[in-house]
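Letters A, B, C, D and E mark the chains as written, and numbering starts fresh at 1 in each.
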Amino acid sequence: MSEQEIAERIAKFPGADVEVLRKGQIAVKVPAEKGHDAAAYLKKMGFAHLVAVEYVDWIKENEFELVYNLFSYKMKMRAFLKVRIPRDKPEYITFMDLWPIAMTHEREAHEMMGIVFRKNPNLTPFILEDWKNLPPMRKDFDSRKYVKDKYDSIPFAEGGEQ
Amino acid sequence: MIAEILVLIFMPVFVSFMGLLFMGIQRKITARVQNRIGPPFYQQFIDVMKLFSKRENIGHNWVFDIGPIFAIVGMLTTMLFIPMGGFRLLSMDGDLIVVMYLLVISGLGMALGAGASGNPNAGIGVMRGLTLMMAYEMPFVISVLAVMVYYHTTSLAEIVGMQSGMWALIILPLSALVADMALQAQFGKKPFDQPIAPAEVATGPIVEYGGKYLGMLMVAHSIGMFVEAGLFIDIFLGGGLLFHQPGIIWQVFNFLFWVLLVFALYTLAVLVNAIMPRYRIDQAFVFYWKWPTIIAIIGLAYALGVSVW
Amino acid sequence: MVDDEKIVSEDMGVQVEKNENMEMRSFGTVKRWATKRSLWMVHYCTGCGGIELAPLMTSRYDMERFGMHPMVTPRQSDVLLITGYVNIKTLKRIIRTYEQMPDPKYVIAFGSCPINGGPYWDSYATINHLDKYIPIDLYIAGCMPRPQSIVRAFEDLMDMIQDGTADGYMRYKKYYEPYKANQEKIFRKWW
Amino acid sequence: MKEVDLFFGPQHPGITGNFSVRVKIDGDTVVKAQAIPGFLHRGFEKLMEMRHWMQGPPLICRICVPDADHSETGYSMAVERLAGIEVPERGKYIRALTLEMSRLSAYLFYFAGYGGSIGLYTIAQWAIGDRDYLLDLYEELTGARVYHIFNFPGGPRWDTPEGFEDRVDKVMDYLEKRLKEYDKLYFNNMVFLKRSQDVAVMKKSYAEKMEVTGPNARATGWAIDVRKDDPYAAYPDLDFELITQDEGDSYARVMQRRLEFQQSIDLVRQITKKLRSMPRGNVRLIPNALHWKIPRGEAYAAVESSKGELGYYVVSDGGISPYRMQVRGPSISHGVQVYEEMIVGQRLADVAALMFSLDVCPPDIDR
Amino acid sequence: MTIKREGSLFSPFRALKQLGKKPHTVQIPKVVKPPAERYRGFHTNDLEKCIGCGNCSRICPDNAIKMVPFPEYAKKEPGSMPLRPQIDYGRCCFCALCVEVCPTGSLQMVKTFTHVDDKKESFVFIPDSKVVHETPDFVLDTKDLRRK
């Protein structure tokens, strides 16, 4: 099944604009509220393997982008289900009913980007330890400034120079 | 009388010295099995010297401190009863049963000390140690019973005396095989070193013992090696009495032959240790109470039949 | 040589007597030789350098020829090897492990990350200068130093132990307050 | 019975690298487990946003230490797909050579790790000792022992030195001979069988549900492999069949890697035979390192690493450095959630053994 | 491919014949195992050929190279600056990107790799081709490389 035929079948889903990126990779943009149904549709179509939940911070357009990276073993095809959510209210529903492993990916997205996934039972942080700052993967968190004013300001214990 | 006092003083020093020497040689043999050169043979002495030169900055309570002392004293009291080559300190009727009882004291005392350290790993290690002890005691006791039944005596000295012609190993091979399997667990070598398994319980009971405590435990282990191997030799290998002529030189040869037998037994245990992973604690329990126990009972029945007939 | 005068510092509150260091006590040279020939390292792979310890401990380079042996708990070991970068979460455990080790204890820092941050110099999660938090006896260059460099470092550490200049643990006692102050700045709640 | 709360803390010999498991045990059985990664977190994805495209590989190869090549190749392939450049033919074969040798060294590390966790230290000494011959080969080819920094976007940096293929074949014969020794000592060892058979069984349906990939999935009978499903480098024209077991217990996972070890040796032989016949010469298209701009877009490239599917999702906004780069570490699925669910009900002795059996690589999880 | 799932209790004993074989341990301090031809060790820089362009300090991913003024090299040709790279081995990750991007090829990497010191400051030094090349021994003590 070539990319074009699969693209047409995906395009049948209302509100999905499909774009063939390159051989074996298709991008599917879907409005936020239809994300869950689009994922169920793609899963029924054959894209059963959730590779990862990628999260991109488009700070200029003031939006977070959630990319559900799906792969179908039968059709040997990758589909990126892309959903945009507003940056000031980063909330989205969980996909754990379709893929239970989404819990770990969503936990990581919550900790690194601050996106809250409703109805995800275990959104506790597991990588950083008592982190009171901005979620680090956001574009407005500057790592070099953080290093300068937190670590470089600490003097040497035995009085060495900086 | 003077001989006894001299033996009483020098035997522990000699035994712990030879024990550490054998442990060093075993590290070299294990290294050669693992295709590497390994430490110098006197490495164990250096380790003990370093451990005794450490400064302690931790101390839990006095029960914790008594643990290693229990371990050493337990082993030494057991050594009093065991005939070593030509030398024998205490012997009375029924001292085989006393030795069987005293063997457990060292392990229990160490368990007491480790339990007091408050580290959960130590607690689990102690629990595993006692379970393993219960596991290998069953076949070990039955095989020793077979020897007692065959020789109609419970005194080690008499058993050693009666074996001058034919070793008990040849007469009761099954019991000897079972006792050797139990020896593997007494030495704490794989596949039965669950109590001190590093990957599972972070070396179990000795997790809080460092510095001087660990030095004492190493000495206790070396004395224990001689005691446990010595017991096996006295029961099954004729107590190392090769030459029966009178005279001091033959007695010294006998003693050296006895030490050589201890080295051979320990090497056998270490070679098995180098090539075997370890069982889980429940598998070890099932292992000991299945085949070794059945073989021991067959050996006991055989001993009964032969002694009556 | 370690300074001989009595290191009594009232403000430090920690009294480090003269016989604290090992030379002055009885059999000092024998004890230092024994410590030198049987250094036990904590089995703790803190960073990416731990993978170069594996060939050292196993049959190809065999660290046990020097009497070095990986021990399970800090209670039984003398050397703490910081192999590579130090994450803040790991730093808390490193400090706790370091303080559990009985004296005399030594620290060797592998690679470029503990010296000045290495490739993660601008990362929010790793610290750049490890000697702000615990005293370090030796640094080894190399982004993951080779086994030859590590063995060279062990030899240097043995020489330093023999002539008594490896005094990291005494420096930790002497500058205990500044070290603790730095550590408090990193961790909000200690436990 | 009072439940004991036990920390298999980061400082513990039964742990692969720097990882921590908090276990609640009742007697000898695990009742609840909580995996605590994060001790090796360096914020790769944040650092990559401050690096040029060409500065990526020196940093990226440090993600999963036992097999660093798959990380470099994954990143390089994602950037090549984004920029639309094609690696020369010989470059593809050299890249496949480094990947298969990296899989061999990672599997040797796996045998050593699992053997050490159940107590057989001899196999740990043998396997890591033999792994060093592979590191010597890497040193000749790439100039470094562990972090090779060799596979850049555009292809491998240099061509193979003179007579390199014969030395590779010599090491492959040596490893094949040693594999027979491992069979005798380790894979047929009765105690090893008792310790690993029917322990922590993972059924095929569970693997599919939890998106487990790599040798752990193939050990349950699920024939998935990125080298076959999404072929890259020189794999389309290398012939190899997928090996699968069907029991899915710890024994099947170890034997799966043992059979794939043999398969990788044959693959390396095919590659060196092809490399000898190909003309030497240019292996890499070198764009200008300092000012390389990649047009706006996104790409994903997956690689079959020794632990599972390792993927790189790269987004570019037309600048000289990646706008966003995310790594799908293979252990993110079987390291945290699957491990916590599979360990419940096992015995305490298998907490460390299961972690080594699933080949959990903590830097994959917290990057 | 299904494999038989049983083993034998005595097959491991055959592994004991390793006792007779010679161990393949490389006894490092006594035996010098030379690194490979392409090994990426410390840097060396031909101060004459180097034009101080600073490409290496820009490409370095770890910000390890700082350009240090060398007034005696103020040549007059266009484009050459009196600056020479100073490398901080507390940052360098030995990736050799700087060697690749150096226009005149003056910055190279040699096979020496051992530098062990208890002072942090000794890990920053200026590679100079005259110093490093003279010592053929691979285990070089680079303490004396520090700028006096």
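Definition applied: a contact is a pair of C-beta atoms (placed from the backbone, for glycine too) under 8 Å apart; a residue touches a chain by one contact, two chains touch by 3 or more.
Just so you know, these numbers come straight off a predicted model, no measurement behind them.
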Co-neighbours of chain E and chain D - touch as defined: B, C
Longest centre-to-centre distance from chain C, chain (CA-based): A
Central chain (by mean CA position): D
Distance between the centres, which are taken as Cα means, of chain C and chain A, whole angstrom: 41
Length of the line joining the C-alpha centres of chain B and chain E, rounded to whole Å: 52
CA centroid of chain A to CA centroid of chain B, Å: 61
Shared interface positions of chain B, touching two or more other chains: 31, 33-37, 198, 202, 274-276
In chain A, residues with contacts to at least two other chains: 128-129, 136, 141, 143-144, 160
Set of chain D residues in contact with two or more other chains: 12-13, 38, 41, 43, 46-47, 50, 58-59, 122, 125-126, 129, 147, 185, 189, 192
Pairwise chain contacts, counting only pairs that touch as defined: A-C, A-D, B-C, B-D, B-E, C-D, C-E, D-E
Touch list for chain E against partner chain C, complex: 23-29, 33, 35, 42, 61-63, 88-94, 113-118, 120, 123, 138-139, 142
Contact set on chain C toward chain B in their complex: 22, 27, 30-31, 34-35, 37-38, 43, 58-60, 62, 64-65, 67, 72-73, 75-78, 100, 102-104
Residue ranges of chain E touching chain D (in the complex, touch as defined): 1-3, 5-9, 11-12, 14-15, 18, 24, 35-40, 55, 58-59, 61-62, 93-97, 100-101, 109
Chain E residues touching chain B - in the complex, by the definition given at the top: 12-13, 15-16, 18-19, 21, 23-25, 27
Touching residues on chain D, where the partner in the complex is chain B: 4-6, 12-14, 25, 28, 115-122, 125-126, 129, 185, 189, 191-192, 194-195, 347-353
